[in-house]
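The following blocks contain the structures, represented as structure tokens.
Below, chain A partners chain B and then partners chain C, in two separate complexes.
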Partner chain A sequence: MSQTTMQGPTRRHLSDRRVIQLFIVPTMLLLILMNIFPLIYSLYLSFTEYSIISTTAPEWVGLQNYRDILSDERFWENFAITGRYALYSVSLQMIVGFGMAMLLKEKFRGSGLLTTLILVPMMVSPVVVGVFWRNIFNPSIGILNPLLGYQNLETSPEWLVEYPLYSIVIVDVWMWSPFVMLLALAGLSAIPDYLYEAAAIDRASSWFQFWRITLPQVMPLLIIAVLFRTIEAFKQFDLVMGLTGGRPGTETVSVRLYREALQGQFETGSSSALAYIVLVIIIAISNLYIRALNRVREA
Partner chain B sequence: MATIELLEVEKRFGDFQAVKPLNLTINDGEFVVLLGPSGCGKTTTLRMISGLEAVSGGTILFDGRDVTWLNPSERNIAFVFQFFALYSHMTARQNISFPLEAELGADIDNDLGLGEVGRFLSQRVFQVFMVQWLRRRHRAVINQRVEEVAQLLRIQRLLDRRPGVLSGGDQQRVALARALVREPAAFLMDEPLGALDAEFRETMRAEIKRLHIDQHATTVYVTHDQIEAMAMGDRIVVMSDAEIQQVGTPAEVYHDPANLFVARFIGSPGMSLINGQYNGQGMIRINEGNTYRIPDDWKASIERGLTGDDGEIIIGFRPEAAHVNGDGDLSARVYADDLHGGYSMLHLDLGEDTIVHARAGREMQHEIDEALRFTIDPASVRFFDPRTEAAIRKAT
Partner chain C sequence: MTRKLGTLAILLAVLFVGFSGNSAQPVADAQDGVTELTIWWAEWDPANYLQQVGNNYEEETGISVTVVQEPWGSYFDRVAAEWAARGDSYDMVVGDSQWLGQGVEEGHYLDLTEFMTSEGLAETVTPATLQYYGEYPAGTGQYYAYPTEGDANGWAYRKDLFENPDEMAAFEEAYGYALAVPETWEQLRDIAEFFTRPDDGLYGVGVYTQIDYDAITMGFENVLFSYGVDWADENNNVFDVVNSEAAVAALELYKELYSFAPPGTDNAFFAEMNDIFINGQAAMIMNYFAFFPALDNPEINPYRDVTGYFAMPAGPDGDRFAALGGQGISVNAYISEERQQAALDFIRWFGQEEVQAEWAALGGYTCNINVLGSEEFLNQTPYNAAFAETMTFVKDFWNIPQFGQLLEPTQRYLHSYVVGGEGTAQEALDGMAFEHDEILIEAGLVEE
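This part shows the complex of A and B:
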């Protein structure tokens, strides 16, 4: 700060602490305004009867919203659909992604290019993916049915109508298996070669090596992949809207939430309650995974 | 236990010759050290014996059986790696029992008498469960064996820890236990002490030597540390430039190096070497004022052994063979005088950049640049031909 005196007395003297505060305060304000206030306000709203399009003030109803949601069969169905969807798509992604990673583990000519190409679906916007696949699934113009060998329009399945949830699962697996592959590949390439050399000396067969070395060694990364994909699956909204528009049988919790909050009656109060229920579920599942992760990692 | 024979074994990486064709027989129960500077091909040789590296040519025999193209797992050997190569996700106990359980996995079909389909499923998909089941059946035997080995290496109290929390020495003990547990035909060790602190290294050196004496297992041990090699080996194989320079007992490679490389490499400091010219009459002229008289019993050998006709010759001797005394036949100046505890090492300058080493009692003080005279013990002096770099052998 000796320079300030040299440059003249008009320059204001700022301490380091003051500079730090000046930089941080705008960010903090923005964060409070955009994140923390809505979080707390929506928690308050979840205990009220309120709609943002009505002129009446929020009316405190206590746990009534939660009671209504948890006793409504349609909500339970939404949760069941979301749960099934998460189970199918996450487990398929793990198998496909890990399988691809095992295949790409050994370097060969063009393996780098292939890896990059496999990652492409992940980089496309989900809305675009939804539109693409709606065309692919389309029984009259889509390419999927002819590829599967269906010649006759009469007998060929209409995927998005007959198997709407599985269709979304297929698209999600197509889109996000590369992500699992990427994580698994990172884990696989971090396993030192000498472990396999030691195992070969110890007379372990290649399957024994897989079960006892490869799998345990990549397990932490696989658990992280499962964690990410499960959270994403519980939030699934864009692919559903793009593919089926949330037709019955595919109405996930997020779609229902959107409809409650921003369509029809604009039930702000009860949709806030629903959002908090989803939040609690996701935090609970994440905790289970993180506990599993720590158990695998403890050393 | 096994006898290991290497016949014209070589390794090429593209155009690079990592190991030139070499022949070596390692006898049953012998402790053989492959010694050489880094990049000399000693580790590659060891890895070829283990089967981790394929040979480019030649034959490897274990007890007369050709194992050249067998997998490491089919050679019944144990390998101790420089960086331990412990399975980091397993406890010490699981690491040690791994070879025994892997063997169970391989024996599943024999054990259960399954059909083709059953064998396929058991070896692949269900292997992990089958091994679990078999392990339960054989738990008592496996546990007992693990305990035995742990006791041998004094690591019982560490058995339930993971490698990550163990010291380097303890990790290597676990790795040794894993190697010992299966009672293999041969132990191959690739610089097992290289990653350890100096203090552990001394202890582990003694432990490995002790283990070898107890187990009497054929052991091939790779190191670049000549002190380690001298201390542990029954025989030392000195390697350099992808080939064997000399095979011999520690005493042989120390006292009778086959060539200049071995003379310089073995010992710390290495052999002192002095260039000179043989005059044909039993004298070697070193430089102005220094002439060395050849011991009588060497004369004939040298005259027969020298290949050049200009008489160029190199005199070699170990520090303990040089004795400082007033009427010695060689004169030199003191270049440096290091005290090594029990003795001091004199660095003597003979001029023309020739520094030789002499071991002296620590009670003798020598000033820097002091002129003195010394003699070379005639029983310990050696001669080399500078043209071939080979030692001149003494006729007997």
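This part shows the complex of A and C:
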């Protein structure tokens, strides 16, 4: 009888390292295929004159696309609109969201149900929200003007014509303030009670407690909320298209990008350059927020 | 044994042919190798009608026809992506007239000139539809599509308002002529003004204003063309053409019409037009004929029995034009010759007068001259007469490969002025002309 037969068949065991590789390699391949390659390829395209629907190959033009964008007044206007929109929208969301969180901080009968209901808007598809609010704003059939006391159609405001950017801000605040509220609530519930008890013993006023305990404690989560909402505001597209179709005065950078890249023009080279400019801006703003977050944490 | 087997084989063959009956042709076609054809079109009712016609083709030939429908919003994107890949996912595409330039110059469409002219197919459709749906470049006699779904802008109006004796008397007293279907744009403007009564929730007119794709341009060019203006002259010069005095007058009139439209129609296209009519908010609406079937449905339109239709009115010099909608069917240049032949066979069959009559009966808008002129077609729906009239004076936007680039500033300037009220008509058209000129220079169509 041979030795092999006596010991039985040998079983090959996979090392931990091998198992890790087996799980990670497909993920990495997928990531490279779906994320890294398009990122690098679009960077290359941003230096070319190219249309994706054309049969001609990309032609290298160096920095020309970037120069064209940065010297085009209309692009600056797009950036200005996007900046204004982000500023108004994020500021209001922080105020409304944090305010709601303060009101819902204390538990009361039905507070759970109320919190859930408040969260509903952010779960609805932005396109649906756009159509929904377009009807609300409609001066002929919408309910907003009658609710505000306007009875005469002739004197009723046409929100989407007279205040298009503010209308989009209103809808965005309605939709995303609950997100800020959720993060703020998480921060508020994590504040230890003994801090307030100690402050009460010291006869600190409510304002003092808010300013010196509540706000600093919840600040890291608020900065994260600002970070997320600012990034989203800079990418705002669906609400704009749903509400105003991206008419002049509401043409954000993303709407312009869509028009350049897809809508009839298919300027793949210059739209890639524009996408990279937006990416750099978002990374820069994110960095500022992250630094602020780190400073708050260290403090 | 061999003889027995041979006899058995013959018997089986005879039995097979006997049971096949009328379907001998499918066997022959199947033997040719093409047993199915794929047509791409946008997602709307006419595509369903084409599918029904395609089912008849299968019954007759055994070759199945599948009409793949894509939502309008992403239709061009999908076709363009297939063009870029030189793909063969479709055999035929029912494409917009504006796509012709790109489809031809980049080699995506098969040249149908010989096919259309040698068998007389080109002569079966109205000249205007052949020119705008099939010919590229204009005036060359080179054809790349068979006019399939004729469509253009027309008007629906409330007959109960127009024919009300009190309204008629009041109108005549105010404007000095009888209230009737408008024959000129000036009359249409007067009627729109007359019926604008915000206190009653009634407005005179509904016009296209949507900025998303091409709606406001299509709406405006109805007036522009009728005022004797084109998008450029024969040498592609745009200055003193699209910003000429006549063009300014046309744009001012279009803006005036918008002032008689119901509030909330600041980004309106076909759906909104039908909505305001059905809601009783508008006395008249402009819309593509393809969307009028909804108004002829009593379950949708409470004013169905008092809804009338008319073709575009004339400009100051009597010119009449309507913005073209609709599409022609083209053959994919990247499929095999065998499939191209099968696609041409389908178009030949589809172009027959009896099939076109059936296509029209289903709800498709035929471009066939004889069918359009037949009493049966004219009386089939209340809007067919206006449609047949319109098909003789249709006109289109640019159809060169740069049409998308030209469309973007057109939409922007028109919407800014008409809806946004920014600047003057002259300033809007000057800005538009300047940007059009830059695009045409870059495309090499105009000298700098």
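Definition applied: the second predicted complex is superposed on the first by the 273 of 299 C-alpha atoms of A that agree within 3 Å, B and C clash if a C-alpha of one lies under 4 Å from a C-alpha of the other, contacts with A are read in each partner's own complex, and residues count from 1 in each chain.
Please note the rule applied: a contact is a pair of C-beta atoms (placed from the backbone, for glycine too) under 8 Å apart; a residue touches a chain by one contact, two chains touch by 3 or more.
This structure is a prediction, so every number in the text was calculated from the model and none was measured.
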Chain C versus chain B on the shared chain A, clash or fit after superposition: fit
Which of chain B and chain C A:Q265 touches, first, second, both or neither: second
Which of chain B and chain C A:S54 touches, first, second, both or neither: second
First, second, both or neither for A:R212, with chain B first and chain C second: first
Partner chain in contact with A:D202 - chain B first, chain C second, else both or neither: first
When both partners are placed on the shared chain, which of chain B and chain C touches more of chain A: C
Chain B versus chain C as contact partner of A:V161, first or second or both or neither: second
Partner chain(s) touched by A:P139 [first = chain B, second = chain C, both, neither]: second
Overlay on chain A, chain C to chain B nearest C-alpha distance, Å: 41
Interfacial residue positions of chain B with respect to chain A in the complex: 50-52, 71-73, 77-79, 81, 83, 85-90, 98-99, 101-103, 105-106, 123-124, 127-128, 131, 162, 164-165, 178, 182
Contact set on chain C toward chain A in their complex: 76-77, 80-81, 83-84, 86, 102, 106-107, 198, 201, 210-213, 262-264, 266-267, 276, 279, 281, 403-405, 407-408, 412, 415-416, 419-420, 422
Residues of chain A touching chain B in the complex: 192, 194-195, 197-205, 207-208, 211-213, 216-217, 219, 296, 299
Chain C-facing residues of chain A, complex: 52-55, 137-142, 152-154, 156, 158, 160-161, 241, 244-249, 259, 262-266
